[in-house]
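Following this line, the structures themselves.
In what comes next, chain A is part of two complexes: it sits with chain B in the first one and with chain C in the second one.
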Partner chain A sequence: MLRSVTTRALARVPSRSVRSLSSSNILLAPKKKQGAQPAKKLKQGYNKKKDGAGEKKAKAGGMTHLGFDDAVRALKFEKLAVKLDSLEIGKLQHNGLEKLQQSVVKYDDETQFALFRLGMFKKFQHHEMFESPISLVSNNTSKLSNEFIDQLDGPSINNRVCLIGEKGTGKSTLLAQAAALARSKYNNEVILLHLESPLKITEGSSDYFFNKSLTKFHQPMFTKKWLYKLRSANETIFKKLKLTRDILFTIKKQEYTLKKDENTVWDLVYKNKDFGKMASTNAFQFLLEELIHHSKEVPVLASIDDISVITTNPNTAYRHTDLKKIHVSELEIGDLILKLISGEVSFSKGGVLLGESKDSGKDTHTLRVGLRLEQYDPWLKAYECDNTIANKFLANEGVKVFDVKNLSSEESTELLEFYEATGALKVRPYPAKVHKTLTAVEQAEAASFDKTLHFEKIAKSYYTITGGNPRELLKSSVLSY
Partner chain B sequence: MAIHILGKAIKHNVEVKYGLAFNIFGVGLKTAEQICARIGIYPKMRMNQLNETQIMAINKELSDITVEGHLKQKVWDDIKLKRTIGSYAGLRHAMGLPVRGQKTKNNARTAKKLNKLERRL
Partner chain C sequence: MVGRPQIPSHLKNNNNTRRILLPIQPQLPYLQLSNAQMERTRVVPTLSTFYGGNPRHDDTIDTLQALIRKYINLPTRIIDESEYKTSRFISFEDYSKLMESGTRLKIAHYKEFVLLLNRLRSIDTQLLPRDVSETLQKYTVRTGEASTTANSMKTLDKWGRAKAEAKRKRSRAGVHIVKGDGHVIVNGLQFTQYFTRESDRRKIAYPFQVIGQEAQYNVFARTNGGGVSGQVEAIMYAISKALVVFNPLLKPRLHKAGLLTSDTRKVERKKPGKVKARKSPTWVKR
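Presenting the complex of A and B:
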């Protein structure tokens, strides 16, 4: 029976249909026109040329190819943030710092540009939440101003400070504040030498070359990039400083001479291409000597963040020809850092400010021994405590310790008020979606919601949870929902 | 775009040491690092950043050590020698069984797959 039905059904189906489970599509299809030309076969190939082939299609890309951490910086979310002008917040200044105590401030436009170029605003600091980078003038700021910024008129050998403290307590922010205060104190006539992380010289991302005259490894790629940052941040002051010696260098087989008292330090850093050359060159040493000479009039603030990178792992990723690891002191810039720490390189007016980092992995005894926070134990292995580096910290009466404290309850309330005003902190009765049944007390609270009272409650609660740690305060505010 | 070293095409965007270690038979990470250190290639350099001189220097360094076909031939010759002298290891190779005392009641799949007089390398 079934067989006969199938045969009858198949008989109705035109012969062109082969092996189809449903014949309805074929039966409903329009009939082929008589005498119609068969469709021209398209040529297949990769290099198709059509009319208007020159016109490029607009690429429909996603928002960014970057990961979250870099994306929040690259997508410029700060443009969507609340305008800070409406909040009337002050600018960080050295004069009248007492008046700014316990208040949120922003940086002067020129200073902000300089700090930005130097890499003083870091990732994970949630700068995208605000129109421009902000900071709180805390007790730490005024203390650092008294202990370090006010000493910038003296030699840097006597003014070497290391910021230590728990993770997120504001060491990097304090470095930025110190740079801003120094610029404000000297009307932008201060040279900022900032290195955001020594990891850039130790991780092996720059080429290296042994300079026989210096007996150090020169890192052209890194030196060039660092110099771009330095010259961009210090352009105004570099243009004012005249060279004290003549210098001769070659660009594309043509010799150039910069003359003393005529050309400036800016000409040196702008025109001289020897900094990035894979050849024995003393260009960087020449620049350093010029800066040391000019430091009689213009103070130099050398700041190095993440100094723990050097103290925890002084052996770099670079290797000698016999496969031994190159020590950081054998690199030209690494050596400069250690000389700044020890005071061997000293500016007539200036200071050296170091910032500890809690992200550099394993913790060794080097920094704590160097800062006299711990007794040296002769039984420690070389990788547990590097004597060379610890001794640099101890040289010339040693580097002073500056313990960065967490915020006080009043300071954290002030900061949270600012977050609330900018919309970073949401003060509302309960989350939009309530996942639980509210108790009678909670229902009553929700009905009679008082924003001020609720904010006070949040401020107290956040202070208790975070212990006044600015990083945790910001995280609690920004990452809560 | 691939970079050719010893006739091997190595992907352009890998670090030199990994490119050498993963593509050239007989070169591991340590040897690759040694070669890079001798030539002065920085640790995070990538294959497409190598210039002609550096590629030639790598080729020269590799030509001084036994790699690729020569190394494979050496391994086969060694196995063949063991078989010729009638050693137990040679016998096990010929039988396609584990050479170094591993049990054969179960498994021994790798040995059965690879161990021959012309061992698969």
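Presenting the complex of A and C:
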């Protein structure tokens, strides 16, 4: 019996396989159930209802793919900040600016939205630390208000100012404050033309198309995006400005006409798609002429931050067909910037405010020669000093210089008090060891902690360390990353 | 009668006894002079030890021994080692020059001289007579430590500035600090412009934190050589030294914080057979 079972079991083993020394493993193996079928292959389905693919799964990893610096902005870190209403923070206003001197202010809601859409709140200003963007009304603010904002009633050719100063003194913040003060002064009836950085037109990220009639290069992608921002920030005022001429344009082979005195500048910017068209158009020039016309009643504040991009490297990343680099003056927007700087494009009411930046790479002599801070040296090479651009700054009696200074000791203390009130600055005793050899009185002194006194020491210490530089003050007192 | 030549009246009151020239008659019958009269005419040396081997040295020894004998009864004290360091007597070479002895003055003579001076110095300070202190002062010279101690007592200049210098590795820094409100200028540039790293600026502000006087001084620093870290620490040490000038009582506190002693570590030299100071070339088995 056993022999027949063994024979049958061994017969099942293939002849080419290695023979086992015993047959017990074969005999003792569990038998296959009769009628059992192999497991079916699951069908991959995409039906949310049937397959449950619509169920939200908890992510095993982090909340975002972004780095920390970008993540705190993207994830709305400011929602966890202390409410500014509890701190009785005032709003930045042109009237009564003297009373706001050396105090921290916020922007009113409409202005804040406009400035946000124009990109006036920079990443390195770390506004995510607070509920809404804040700034300090310093001596620089008052001075700029007197020298620039109060001159907005005159032509912009006589009101061109360039902000210069060392890195982190608050030039970009001052641009935002100037825009807010202008809106406050004219009850939001002011046109803000702000360019966040000319790098966007020189770095080569947009397409470009040569317009033979204008002899300039359009940048449709950039122009379209920029006008979205301008439209969003100036929506209210654009809706009030009537067109002075008719304009005809085509969308998807259908013609549209905007009538003068009937349609507004808002309609022009909203409906006309020619701004982003890869073709020779004069839509942008039309818009510019409308704004120049309306500047008789409504001031136009043209502000350009990071102007050093143009002065340090005026040759863009674009090239001609002969592979020569395109100069910034050959671009439509670049040409507009240079005309605003020189005063060739002048608004009846308004001003041009420029902001230098120290982040634009190796500095050249162009800006300093243009602002008359340096004597022109004819031996300088073209890449060291671009005469074309320097002459634009010098045209029509030149651009005025505004030196942005660091904060004073009192202003720094005021800013740090605000940081401490919002919880951004931690004032706590230094975790030093108390030596056993100290007497009881000395130990008690070492253990006692006067927060006010300690804060004063911190304020003075940080003032020495930073020299009153607002960016350094923020970094040293608030940030640990 | 030929007698002793009389001293003329106009020379009688002359205190300069060495230069008195007594007129002697050319035809003096000296054979008729007595011994006493002959005694008056011979030239007498000033020093009593003139006929010795080392007249000036012997005279000095006699003077010192006379002083010791004079004040033999005064109590003495044990002199500290620190006092030996701060005030030493003149060297053998200087003593030899002073005594105009040339090669005749030996070490043994010098040792005898020093022994006597130490005996005089051991007289109790409160009872030290004036002539002894004057004698000691004549033969005492300040040592380097004493001159350092004298020089370290620096004061503010006419503009109220304190000046100090320090070094670290290859860097040298000189600073002027003055009462102010916490501005720092380094090599003519703003603080944040010259030292872009915050940790470097904190190091420079550390001495003010130690003494609890933040933002009370303005600092003007000149530095050269080395790298950034070396220059930072050189300025830090220089500021500490300058603060001591303002208030010497701050010295213990700054010393405890390690700010008065410059870090003496230097870059170690490269040795032969090594790639760098310590690094050896890759070892190959065969």
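The rule is simple: the second predicted complex is superposed on the first by the 402 of 481 C-alpha atoms of A that agree within 3 Å, B and C clash if a C-alpha of one lies under 4 Å from a C-alpha of the other, contacts with A are read in each partner's own complex, and residues count from 1 in each chain.
Methods note: contacts are C-beta pairs under 8 Å (C-beta built on N, C-alpha and C of every residue); 3 or more make two chains touch, one makes a residue touch a chain.
Computed from a predicted model, the values in this text were never measured in an experiment.
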{"item": "First (chain B), second (chain C), both or neither touched by A:238", "value": "neither"}
{"item": "Partner chain(s) touched by A:461 [first = chain B, second = chain C, both, neither]", "value": "second"}
{"item": "Partner chain(s) touched by A:469 [first = chain B, second = chain C, both, neither]", "value": "second"}
{"item": "Which superposed partner A:318 touches (first chain B, second chain C, both, neither)", "value": "first"}
{"item": "Touching partner for A:166 - first (chain B), second (chain C), both, neither", "value": "second"}
{"item": "First (chain B), second (chain C), both or neither touched by A:205", "value": "first"}
{"item": "Complex interface listing, chain A residues touching chain C", "value": "166-168, 409, 457, 460-461, 463-467, 469, 472, 475-476"}
{"item": "Chain A contact footprint on chain C (complex, rising order)", "value": "181-184, 190-193, 198, 201-202, 205, 208-209, 212, 214-216"}
{"item": "Residue ranges of chain B in contact with chain A within the complex", "value": "33-34, 36-38, 40, 42-45"}
{"item": "Touch list for chain A against partner chain B, complex", "value": "203-209, 317-323"}
